[in-house]
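Across the two complexes that follow, chain A remains constant while its partner is chain B and subsequently chain C.
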Partner chain A sequence: MSEATLERGLKALKEQIDTPIALFFSSCTHCGMCATACLFYTETENPAYTPINKVEPMRRLWEQEYTLIGRIKKAIGMSKPITDEELEEWQEYCYNACSLCGRCTMVCPVGNDITYMIRKMREGMAAAGHAPEGLIGASKRAVKIGSPMGVKLPALQAQARHAEKDLGMEIPFDVEGAEYMMLMSSMEIMNYPEYMEAVAKIFRQAGKTWTISSEAFEATNSGIQIGSSDIARELVSRVVTAAEKLKVKTVISPECGHAYTAIRWEGPNLIGRKFPFHVKHILEVLDEFRAEGLLKTEGFEEARMTFHDPCQLVRRGGVVEQPRNLLNMVSKDFVEMKDHGIMNWCCGAGGGVSANEDAAELKMQAFKRKKSQLDELNVDTLVTACANCRIQIEEGLEENEMDIPVVGLTEMLAEHLVEDNKTEG
Partner chain B sequence: MTAVDFLLWVRGPGLTIASIIFVLGMTLKFFEIFMLGRKKNLAELRGSGVKEGFKTIVTRSGHVDTYSTRHTKFTHIAGWVFHIGMFIAIFLLAPHIEIFKTFLGFGWPALPTPIVDLATVISMITLLAILFHRITNPVLKYLSVGQDYVVWALTFLPLLTGYMAYHHLFFRYEWVLGVHILSVCLLLVFFPFTKLTHAFTLFISRWYNGMMAGEKGVQQ
Partner chain C sequence: MTEITNETQFKQGLQQLSLADQRAVGARFVEHVISLADDERISFAIRVAKNKDAAEDELAAAFKSAKAAALDCYTRCGADADWSEQAGYFVARAASAIVAPEKDISGDGPAWTAAMNSRMARTCSIIDANTDAESQETGQQYRILEDLLNS
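Let's turn to the complex of A and B:
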């Protein structure tokens, strides 16, 4: 990133304002309903965390720059200019207290996509130098090293060797012409090595060709979290280059929420052209295997379980039925949380919150919402499909002394695979 | 200026000027909004989103979130009641329909006056409750700016003066009716430049919201 200044921030923010943004600001009546949809508000009752307030500086910029009345008010000195101090205050509201979960977007009675607005607001914040240190660090590591957590290729290769030993099969790297190219999140490489093994086992059974690119294996994208399209574009480009080089048909986004948004929905718009390949979340791929009869499982989980929908998969991504279809293959006691699917509550740490040390305390407060949801259910196991949600939920459960194991859906399915149906992978 | 002069001015040139400002202002407003444009979505879409957009225009009138439903009952119910009452008062009172007829060239059936009167009273009471809620609820108090109160007054005054005119309360009828029409003129003049524009833009906002979700396959 070039040097961040207020001037650059305002310029970047101005460039973000489009027809929907102008419509949304023209429609807001300050009714306050978005507050009750936001877990950062419900768990703290801090009115400053009301979602629409998180974009207040952008509203003023829109008014001052793109409306006649605003321009007149500005010309005669009747409007309040946006200052560095103000943006510094807003850093807490639009980074620490927002996981871009999208619930506010679903309840706003005038139809404002507030999440879309906050995502854009962050572009201005980052360019003005008011992004949290944790996210700046993660973004720098992502650009320089290739991973926000600093995970390098040898770490992935070591994990692959380990999986090869366990499974007695090769983990395919850089195979040209493979049908699928699998991406990973750093969190999975570091904390959940079972994910890679699970994918390898499932693809072997399904008889599908797949590969990992040694040049672009990282799926996460700090650029879309911090709000820097330049960084986001660079990270997406690496994946696109690798996928084109290997001529794969489909790129698989791993069990990670925002990685899916980054590559699936923002990706082509960031690089300015359509992808010559499909992008699917691992759960979409597994559900396709299920529908084609390529995913054969045996036995059922004993535990009573529920599914935590990662926000970027459901509300912001449209992957709603797939996890349910898959869970029902291996569970007979699957129960839904009261608000689930597109209205599920966020874990409290998405949208860059987990990488932001300033939000460490707040994200645990926000977790209380998930805790109340779980308290109502009395489940033995929680299943999810995002490594970031998983870490946050595990930490939250630990802090609240709740003994509920958290498992990834892909690995749970892999444990139930019918083993005698091996196909060369 | 006599009461009759005043009445003749506001219902003649006054209302015409206000209506012109309203129409030009709204035209400018839509120009300001749509000249900004929107980039084409290049992602592989699950649907055009158009249908979802239209669906959301309707569905967003209710809630999908059980928590928000429980915690925003007042805002939700009061919002509905006051808007319906106001709609009845504006569009279904016989004298109002006559005025629309002179502008538009066609009219429609009116509701019996006592019903419109009741709707006006309910609407006013609800608006007072909404104002009380705005100054006492911590979130609304925090969010509210001067314009929110100005717009509240601009909405309340035509109802109040209309009610007073109909019941011949307090002042000479011509004065009250003149003030009633003047309050409508003010509402029209301020309309395009305040959050009152939501009356038009909310439908397009809902459409964009539903359309963008629909492109991703999210059903609302």
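Let's turn to the complex of A and C:
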């Protein structure tokens, strides 16, 4: 890695040191409580995976550049300069061993948003050329093709035609004035196409108009994962432009965790203005339909089931009650994991971990926490609302020889919809 | 003579079959797309599904291995799409549907689930070939079911 690249990284890191970051570093008491909240630490006991340690190069840079004691320490050689080798070492800590799940932030006794700090740290890491290859590839494809997985419009249209045949109804594209604009994640398009069918069935029953934009259908935002605000801004802008062009009232983020954070919480800040439309997660919309009496289901699941809260929905997004309201419509034997809702444990694959081949082994170690939670419950089915969580959990269950089907909540609801001829009556 | 010309007739035709017959006709749907996947675990699932006397433990073993086959070829979040591999994923999902234990069978039954996943597999292969070809899989499945109902 060239000096110039290191310089770019350090410059980017310095630019990230804003008032909250400076305050967080000033107030950290080094208590280590964040370690006990991080599944990468608890499942490996590797002290390097202590969340606050994941931003140590940025802390030293802050101290050396912006504090008197740090400047003195640097001048007399007591604080070593940050090197390329050091950043290379930290790639493992802040990408492989962090899913940006936010649990560390919840337990910090002085209120430091450590996840925000790691997100900032990644900006410098990416600028220094120390982001994982998998995330670099995904980001390039996202910018060039519009999807981190290289899913092009004809592929989505082919999946839509498949859904149209199954359902006997049109999947609407580019309908100006539709109430809702549906984003999709490439993971759903490729691995769980039944999600699109489920949404179509539910919206048909609810009598709501919706559309997919052929110009911006992708919800996933690799810029957030790799730590590049420039890329994140570009991807958000495409969605905003499409939503404004179609004059929709609400943009719906699909069953994908970080996509929701990216468009709803980071989106307006990234583009520097308010959106002229609402952004909601699909579960928020479905729960609104439920409250309005537009979501009519029949029958109950016989299986004993639990819900895995996607971190970006509950902890970073506040969507806690909605999935439970919806589950109660179709389940009479729903049990919670010991730590659930805002204190849930991550599946181990969020925040770009799943796109990072270097983290393949570690994410399975991290899954042991979810395994322990499930071992306590003895459930027949696990429900979730994030395609990435879903595939990680399926893989983890397979590796641990656990026979528990994993289903998406939207699909499960669609299976229980009252048939059209009954609702008409 | 039963003739199937639309999805409603197709679904009704499948639903009137016994569970064993649904597994068997589902196996024929999977067989029709097996060239899109190169995995012995899928062939094993087809053999078990076709055997109407298959024991519960045989079904369970075939289900487990077909599910593992699907997990071996899904596309990771953020990975570059390989639609050829993805076709294999859907063939494996179809295969797991036809041998699923009763508690794991989804509402529409094993044959319907296998049919849908087989169609998805074909769609993936068409995307992979980058052509505008229309999938003929639906019509092929109608013929397969007709054969069974008229036999």
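Convention: the second predicted complex is superposed on the first by the 409 of 425 C-alpha atoms of A that agree within 3 Å, B and C clash if a C-alpha of one lies under 4 Å from a C-alpha of the other, contacts with A are read in each partner's own complex, and residues count from 1 in each chain.
By definition in this document, a residue touches a chain if its C-beta (ideal position, glycine included) is under 8 Å from a C-beta of that chain, and two chains touch if they have at least 3 such contacts.
Remember, it's a predicted structure, so these values are computed and weren't measured experimentally.
Contact with chain B, but none with chain C, is seen for A:Lys274 once the two complexes are overlaid on the shared chain.
By the document's definition of touching, of the two partners only chain C reaches A:Met187; chain B does not.
Counting residues of chain A touched by each partner, chain B versus chain C, the larger count belongs to B.
Applying the stated contact rule after C-alpha superposition, one finds that A:Lys144 touches neither chain B nor chain C.
Once the two complexes are laid over each other on the shared chain, residue contacts for A:Lys338 go to chain B alone; chain C is not touched. By the touch criterion defined above, A:Ala349 lies against chain C but remains apart from chain B after alignment on the C-alpha atoms of chain A.
Within the complex formed with chain A, the chain B residues making contact are 28-29, 32-34, 36-39, 41-44, 46, 56-57, 60-61, 63-68, 71-72, 75-76, 79, 137-145, 148, 193, 195, 197-198, 201-210, 212-213, 216-220. Across the complex, chain A is touched by residues 7-8, 64, 67-68, 71, 74-81, 83, 86, 89, 103-104, 106-107, 116, 119-120, 123, 126-127, 135, 138 of chain C.
Residues 17-24, 26-33, 35-37, 41-42, 45, 47-48, 50, 52-53, 66-69, 103, 105-113, 116, 264-269, 272-275, 278-279, 314-318, 320, 338-339, 342-343 of chain A touch chain B in their complex. On the side of chain A, the complex with chain C involves touching residues 134-135, 137-138, 141, 147-151, 154-155, 158-159, 161-162, 165-166, 168, 186-187, 190-191, 193-194, 220, 222, 225, 303, 349, 352, 354-356, 380, 387-388, 391, 394-395, 398, 403, 405, 415.
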